[in-house]
């Protein structure tokens, strides 16, 4: 766990964001909200990762920064794919919301 | 293989091979009488103790000719030959003549083969061949009567075979060798095995109460078949007993059993036969009676080993005598309507009186041979002797009744061909001639007054009883009639009634298992369907995002919980 | 001990070649098929070479650019990785050949080639990655490529399935990444080997293990998180379905296994391992039951993947059974990958011949007239059931043997019963092909495709004789904790 | 004993495997090529088997071939006297059945598929025969299941599908049980070649419970195909298949494979001494007895001819198990020799039933009245085989019963003969009436379907010739039982005793 006290807000809010994102991803039928929720989850995770940079007492660890940057790139590509899919689905569904009820295969 | 062995092998092989080629040629069935020639040749030409060994056939086939089998072979060969010649005339116009002859030859092969068998397995093999092939003879006419007789015959034959099989295998295992020579000497006095052998062969030998098939099968079968059934085939049982029943103290019980059953059969055959309407049925009962006497002789031989050789010799002669005489009677009965009275009197009268033990005939000699050892020994056999003599009187009554049934039906000459008449008359002639051919010295000895009287008084008694009975029943006009197959008639009725009684009670025969099974099946099918529906519903439910997310979260909690709990926090 | 080597080794080439192929095919879609063909042959040879190297010299660790962990990126080529690479190469080769006859020569379908090679590169990277963050990246790459492949056919069902797949995939990835973050917070390193040395049983480790495991379970479609799989695999183009079912779900499983073999080895106590195995068994029965209830060919085959993935999770209870207990499940990966790819390829042939309709009742008619495909279907089905003369039999044998050796015979009962269930749905699929009446060959299907399908089926048979070699390769995996 | 080239064994497998696989891809109308492939494979297989027979008998060779499947687990093909007994049965009957099937299916659709699976089926059977260890046997055993299933379905009617489903359910279940058992056994004792007197005695009594459980599982696994009592009901249902398939199921391959497996397990895995010590032979014997009696009773009450024959198989195959469970050489000889005898007799009966159905449309025993006038040769064959089943000498069945009886006495369980007697009685009760009404009865109604009326022969020669050949074989095997290459002679060779009661002395002997 983050030993330094000043990392705690990052860690805590990161976890909170993750849970919030998870909740939205699961419960909201609108696809755009789902995509955004995924990004919120991502941000939460990144914040937890960043809090790890404060390990120990010396210089901040640079590795998490690198990881987060890579993560953001990956998240952006994923978001792009998701949005592209959403756009393709838009005319089919007549909107960006998933139809109510259990989907058929 | 030596010439003798080859010849011995040919005895059963000749009819067997002929049976196989018979369906091929159109008139080949006419060759049937020739099939007995190897047997006759063997009887006349082969020395005693001729042996044949075919190690690769079956479990190793051994054949042998000894004095006992020679006598049996003689009777069988003559009778089968005569019947075969007779059949040429009798079945000339039968549409199934070839079929008849195939089965006839197969049965002949079985009968001749079992006589020369020197090995229990071979004996059993030929015995089975004979029993099963003669089914074809019994059923030949395909009438309702024939079918009924066939089923009874078949059932008893199969039961008999199985008893014999079991008895044989027990004895063979105990001795360690199926050779008949060793079996008769070394077979242990195993009560179960011997009983099975007695019963198994008894079914063939018409031992009371295993005789049920005889009175049904004989009238149903064509005449030549009845002749060999009654004259030759039932003797196979006796031969088997001679070979397979161990002798000695330990077997006294079995001997007594045979003696009692034999005497009972001798008397029962007479009583039941007298009450018959059809001559062939009557002859069948007569065979039961005569076999009863032989069975009694067998019982004595078992009971008293010291009498064994003499009694065996007597039984062999009895077999020849009865076989030929009974054959003549059957053949004669078959053409009674086509020959005139004098011929009938000669051809039926002589053999029937011979059966009754008329002096100067083979019957007298047979009975004398059977009694002499009993009289000569120390044991007290007077009761047995008396019963035997009375049975002879009974036979006389029976034979008179037979003649009374047949003679009025005499027709006019010209109908029956010589092919039928000749074998009949030759067999009939055997009755007076046989003693002189067999053992002239013994035949001479029978001419002493004492012997003549011994032979004659039962006959006279019988004639007297018969006359009395005839007069009585003429006066009273009561017709006493015993159904053919006596006990079987009862059994059949009882069986039918039982089946009907069961059939009226569906509860007894409709298995509850069936409906239970069907219900279970339906329940399973329904259950499976419900399960499938539920599962599909659940699967659809799981596809909802909320459920998926819930599951995801739940998993995280569960897994963490298990880790926490497992590692003690 | 693991050998260290620098420079561009087999492992590096295994990443570079498909990536280069993907780029080329993306730039020049017209030549996609030929680029893909050349690439797949090359990658297959490289995978063989890599396996041979492990076989002869033992496990390798490659440091890209000479940077060693914890700073550099390490590629780890050990028996397990080499085995997975070989499986991927084998399936890839055949799917490639099949796709030559499947992907039309013009139109946007040709994007398939680039996507496929990209997926392949990502998978190879996944198998070779030696640190947890790189594994995350490769996971994401795999998800994105797979999503695109699912969506390739463009229908509403396919797009919806792709969307759902993407969302679940991303959800899993996020959970995994959260686990990575926790691990880094705890240990400050990402390399698997170093993490394994640090070990630890603390709450953070437990949380990390939980998040990463559940995330990967969702990606591996373990019951009850499997619901995205049947629509996705059922509506993708046949070669894509084959790849997804044969390889992609195995990628997630591979990481999960890797993690429990290394990072979480101290946490692998019987309770949690049995739980995972139990969930696997549940998946076997649920998937089998759903497969049995399916009335269309591709969902049937897809649900069968749900069931077969369940078997793989027996690796976890077997981890504790003794040295090399988990090998059985890894070998099963090969068996299932070949059989399942073959089944999807055959299903593609039949569906296309039948005019896109894959209802079992009408597909049967086509099966009667297409002996090559039907034969392949039969052999692959037999392999799935674990009937002899197929690799499936050998896999099932090892699985049972491990179960019995480990003294946990109830897993053996589960394996046998699951096999019966598999038999039920496979023969339910094959049975109607024997109905009387004339067959209907339907629309033309390139002979190449039918031939490749049958060839892969024959590979299922040939691999049946590769059991010893396969196990020996898998055994060349250094494992310190349980299962080593 | 030196091990000879195992390539012979592979070649024997290939003689049916290669034609089989090729035939699948032949077009329906390539009749001549298909027939040539079938016949060439069948003849070649017989020739190879004869070569092996001579090699084993005269020179005392053993043949072995092995491939490693998994570490410590080999696929082993080996030819010993016992495997050759089964292999020669299968090879010979396959040849005959091929001829019959070509005649039977003339003009019917989907013959390439049929003959393809047909050949695979025989390959699997020969594989079972030559299996050198349990793993190999399991592999071929399962392959047999797969290859037979399409044949059961072949007619494509709803009944055949139902039969196929049930067949598959039973055999897959049996296969799974067997798989579990074999794996377990391998874990316990390793994968070892079959050896006379088994290889498990070292594990007893330490693993006594496991060995007993394993025995039960193995018997259950093989018992499904051998149609032992609670696992038998697939067999009567499978009789909806065409006659050559029934022949294959009942005589050549499937039930035989099960029975052969049981023989192998008892003799060459456990070994008689161990099995007796474990006390598992008595229950096995009771199981066999129950099956024998049950099968016969059900046969008696079945009016459909093929169904009756099927239940008769249920009963007769258990003779083999009974012989084995008697735990003595004579009983085992009786059981083993019945492996061959039952096969030849039952195939005769099924061929006859097929001839009746194909020629006259007779399916029920009641319709057989007077058939002897129309089809005397077929009925003669039926008669011979039926009598053999009852155990009437000199047919092959008698030899079996004789040895079983001696075996029962030898092992001090003479009461078993009562079972033989009851079974024979029941056999007689259900075989003799059809035979009798066939010869002497009259047709109750005109036959459904008169084919081959004007032909010189009573039916198609390809149906008649194989029928007569197997009937003569059944006769010959009994009649010449003590000849060297007869089944009894071969079984005696396996047990190292002289066949029959030859002049060298009688094997049974007055034992201690």
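Read from first to last, the chains carry the letters A, B, C and D; within each, the first residue is number 1.
As a convention for this text, contacts are C-beta pairs under 8 Å (C-beta built on N, C-alpha and C of every residue); 3 or more make two chains touch, one makes a residue touch a chain.
Worth saying up front: this structure is predicted, and the values here are computed from it rather than measured.
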| item | value |
| --- | --- |
| Innermost chain by mean C-alpha position | D |
| Gap in Å, rounded to a whole number, between the CA centres of chain C and chain A | 27 |
| Interchain centroid distance [CA atoms averaged], chain A/chain D, Å | 68 |
| Mean-CA-position distance for chain D and chain B (Å) | 36 |
| Chain centre separation (chain C, chain D; CA means) in Å | 43 |
| Sequence positions of chain C contacting 2 or more other chains | 171, 203 |
| Multi-partner residues of chain D (each touching 2 or more other chains) | none |
| Of all residues in chain A, the ones touching two or more other chains | 22, 25, 103, 105 |
| Touch relationships between chains, expressed as pairs | A-B, A-C, B-C, B-D, C-D |
| Contact footprint of chain B on chain A as seen in their complex | 22-23, 25-27, 29, 98, 101-105 |
| Contacting residues of chain D [partner chain B, same complex] | 376, 387, 390-394, 398-399, 401-402, 405-406, 409-410, 414, 417-418, 421, 424-425, 428, 432, 436, 439-442, 478-483, 499-503, 506, 508-510 |
| Contacting residues of chain C [partner chain D, same complex] | 371-372, 375, 382, 385-389, 393-394, 396-398, 400-401, 404-405, 409, 412-413, 416-417, 419-420, 423, 427, 431, 434-437, 464-465, 467-468, 471-472 |
| Contact footprint of chain B on chain C as seen in their complex | 168, 171, 175, 201, 203, 206-207, 209-211, 213-214, 217-218, 224-225, 227-228, 267, 269-272, 275, 286, 289-290, 293 |
| Interface residues, chain B side, partner chain A - complex | 540-541, 543-546, 548-550, 552-553 |
